[in-house]
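What follows is a set of structures to go through.
In what follows, subunit A forms one complex with subunit B and a second complex with subunit C.
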Partner chain A sequence: MKVTAQPSADALLLLLDGELDASSAVLLDTEFNKPDLLDYRKVLVDCAKLSYISSAGLGVFISHLQRLQDNNVKLVFFNMQEKVFNVFEILGLDSLMTIVPTQAEALAA
Partner chain B sequence: MKDVLRIECSRRNLQQVRDFVRGFLSRRAVPELLINQVVLAVDEVVANFIIHANGEDERQFIDLEIVVSGRLLSIEIADQGDTIFIPKTHVSPDLPEYIRQGRKGGMGMALVNRLMDRVEFFTRDHHTVCHLSKELV
Partner chain C sequence: MRQRLPFYSLVLAGISWGLLLLGALGRVQALPQLAGWPRWGIILAQASFVFFIFLNQRAQPNPLQGYHFVGLLRQLVRGPGLLAGFALGLGLIERAFSASGAPVGGPALLAVVYTVNLGLFVAFLARTNYAWRSLILFKSPLRLQREWVFFEVLLGSMLMLQLLNWHPPAIVNTVVFTSLALFGAYLGTNQKWVAYLTRPQKWQAVIYEVLLLLGLLVFVQYFRATQFDPLLLAPEPQGAFLVLTAFFAAFYSAMGLLVTFFNLPTAQVQEQRRTEILNIQRLTQIIQRGQSQVEIYQTLLATTADTVQADIAWLDVPADGPAAATEYYFNVDKEATSHLRSLIAYAGLGDESFVDNNLAAKVELAQVGARYRSLAVLPLHSVQHRYGTLYVLKHIPYGFDPEDVSVLRSFADQTVLSLENLTLATIALHNQRTQEELKIASEVQDSLIPKKLPTDDWFEISTHSLAAKEVGGDFYDFLLLPGRRLAVLIGDVSGKGITAAFHMAQMKGIFHALMQGNPLAKNERDRFPLPSRFMMQANTALAHCLERSSFITSSLYIIDYEQGGFMFARAGHCHTLYYHALREEVFYFQSTGLGLGIIRNDSYEKHINNQFYDYGPGDVMVIYTDGIVEARGAGQEEYGEDRLQQRLEECYYQDADAIKRFILNDLNGFTTGQPIHDDQTLLVIKFKAIQPEPTA
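This part shows the complex of A and B:
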């Protein structure tokens, strides 16, 4: 699992590459724990290369969502593969998180 | 047709578990979405055994056996550690509340229960065993 952060003026783009499980979730959690995350208006998560997610990976997003919302930082997922979206859907997380098809829609969200 | 795998109790071995299940199902032309669902269910149970039952003690190990008979897929996950670990599988997580609390865990077994047709935990010779099954349709 590789996490690449690309900051811009008001958004932080996080590119996820690989499989997000109970082992690699720690890496992503470290990224979400960085204090400067709250300086952005949006955190955009590019899931194009995210090929797998387990409950530990979902747990990272769930555990930081409220803190982001409380600080007016919007968390938006895009380019999600069908099999990864299916996992969000099975738990009903697709209705609690913002998931859009493209980066353009993520920027506009 | 049957395949077996033994792993030490380290979360680093979860990738090996997923590759094992994926490989078995890919050779049987199972659709990718269904493969991912079975892989996820097995990953969740094994992660629970590694982390919660064995405290990531790499001296302990877990045995997996995967069998397909007709369209029925059966998977046995046997924890060879000494702690009996029977998780609740029918608890439905209150996700808005989890978000409010900033909670990280508590969804794995709910996922397993939704992904598989049948989920059973039981003890055998003072060890915990999990049986998962699903019709591959």
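This part shows the complex of A and C:
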């Protein structure tokens, strides 16, 4: 699992590459715990190369969801593989989080 | 025969000696009727006596017991040494008699004493020679053992030669004699045993060897004196054999004496090396006995100080976690070292190993050098851990030679090894306890899973559950409600192991609490919460105790036989697989619903809802956790919902238990050789094909 952060003016782009499981969740959590995260208007998560997500991986997004909402930071997922989207959907997260097909839509959201 | 050899040879030696005595008496006319004995008869008797005595000694068990060299020498002095004294006494008495001209004296007495002394001398030589054999052959190579046998054969043939009464030319005699003597001298240089004596033992050995040489001297003197006695016409005893063996016995004693004597000055060094080896062994044994850290440190300090003969020494062990810093002292106390400590610390020593043999010449340590001239500082550390520092001081300069330093190092290494072993042993013990506690947790959790499945004549249930670790986060439960209703709960706590297991137990508690029924309800139907209501209440209950990144997925079904339908709510849990008998179709229920613990306020209500479905006879429900569909095959691919659906299409007509086994068989075939990543739970509920008449 590789997490790459690309900051821009008002959005932080996070590129996830590989399987997000219990061990790599720690890595992503560190990224979310950085204090400057709340300075952005949006956090865009590129899931194009995310091949698997475990419940621990989901736990990272779930645990930060409330804090981001409280600070008016929008969490947007895009380029999500069907398999991964299925996991979000089963858990009912698609009704809570913004999941869009492309980066353009993510920027517009 | 071999065991009896000493006995027979002794008897034969006795007979030979008797004959020799008679012959000797005959020669001196004491027994005139024997005067005509031929000379060769006497020589034969003498030779066979010698032969059998030597044979007898040769057949005795090895006189050397283990490493008791001094004991061997002592026995030699006490036995044959006393014989020599006896011989000397006899000789003196006989002289006294001859001088006084007593009637019992004269040639007859001389002959008897002579023969007795000859016997004693031969016995003495035999004992001594075979004692020397066991010393020479101590830890000897095979080559040396062969050489010894060769030496014996050569000596034996000298004895035979004497019998032949053959007198070779003097030059041949000299050459043979000298070469044998040289051979004996060469064998005599094998004095390996001396190295194994301690200093006091060496002194004892020297004394015993001197006494033995004296004994030999007594005999030789006696025979030299009697040889020319005009009264005695006995055959000369100085057969080449006896001379050679006497020479060998004397040479070996003399060699041993010299070697031992010159080894005395080095005895201390050798002993010190032996102490070092023993001390290393002591340290090693402590590991095996699994003693405490304190004991290991104490042993290190005591053995080190003892081995390198330190004047003072101390060991500093820094604080480590809960353990406070400790100090250990040898021959000194804390107060006395405080000044030295500060001086040494000021010089910046303590972190690395340091040895100085002439402190007085060192500016920064000159003050230490005023009293102690040699200092060794030795930190004890492994790759990751620093255990302490050892300080050893001596008054004398050049107190630590390179060997002392290497001994110090090996002690330090051994100590570190002991300490690490101790730590490992402690950890292992702790792990074992944890394992046992986990086992108990596993048993407790197992008791939370219903063993007795509900039964009725309108459905059948089969279940399966398998935890990835000792305890898991999957759960399921059933309750038969009044009015022929069945509540089925399934769930999966995110994460695995102990924390998941706690929340699983909590869910079970919530399920039983809420399904107790509300006694204030107006009618029977309202007594139990609807599945969506149950999920909302569970979500509220969990909000306070579930850690922020954890959540629970769950589904609750309330199946109503009277109505022929069921109601369910899915809180983020896997979709239910369903076989519809009338339509002959297998499909997943498509429903929405958010997992528990994701939203922790009342707005959760908006994310959960109830669904209703009418079931028919022969319908099958397959309820499971994601451990089933996310199980991985050899190529890391997931088992998947599609494959599960296909399997049910193939086996829906069987009973619940057979369906479960069919699916599990396929799953196990798919995951063969792969570790279980997640807990697996599978419930199969089949509505019986022939539904009984409703009673109500």
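One rule holds in what follows: the second predicted complex is superposed on the first by the 109 of 109 C-alpha atoms of A that agree within 3 Å, B and C clash if a C-alpha of one lies under 4 Å from a C-alpha of the other, contacts with A are read in each partner's own complex, and residues count from 1 in each chain.
By our rule, contacts are C-beta pairs under 8 Å (C-beta built on N, C-alpha and C of every residue); 3 or more make two chains touch, one makes a residue touch a chain.
Note that the structure is a prediction, hence the values are computed from the model and not measured.
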item: Touching partner for A:E31 - first (subunit B), second (subunit C), both, neither; value: neither
item: Touched partner set for A:A56, first subunit B, second subunit C, both or neither; value: both
item: Partner chain in contact with A:E82 - subunit B first, subunit C second, else both or neither; value: first
item: Touch count on subunit A, higher of subunit B and subunit C; value: B
item: Which superposed partner A:D17 touches (first subunit B, second subunit C, both, neither); value: neither
item: Overlapping contact positions on subunit A, where the subunit C interface meets the subunit B interface; value: 22, 55-56, 58-60, 62-63, 65-66, 83, 90-93, 96
item: Subunit C-facing residues of subunit A, complex; value: 22, 29, 55-56, 58-60, 62-63, 65-66, 83, 90-93, 95-96
item: Residues of subunit C defined as touching subunit A within the complex; value: 492, 494-495, 548-551, 553, 571-575, 592-595, 597-600, 607, 626, 638
item: Complex contacts: residues of subunit A adjacent to subunit B; value: 19, 21-23, 52, 54-56, 58-60, 62-67, 82-83, 86-87, 90-93, 96
item: Complex contact set, residues of subunit B against subunit A; value: 11-12, 14-15, 18, 32-33, 36-37, 39-40, 43-44, 47, 50-51, 93, 95-96, 98-105, 107-108, 110-111, 114-115
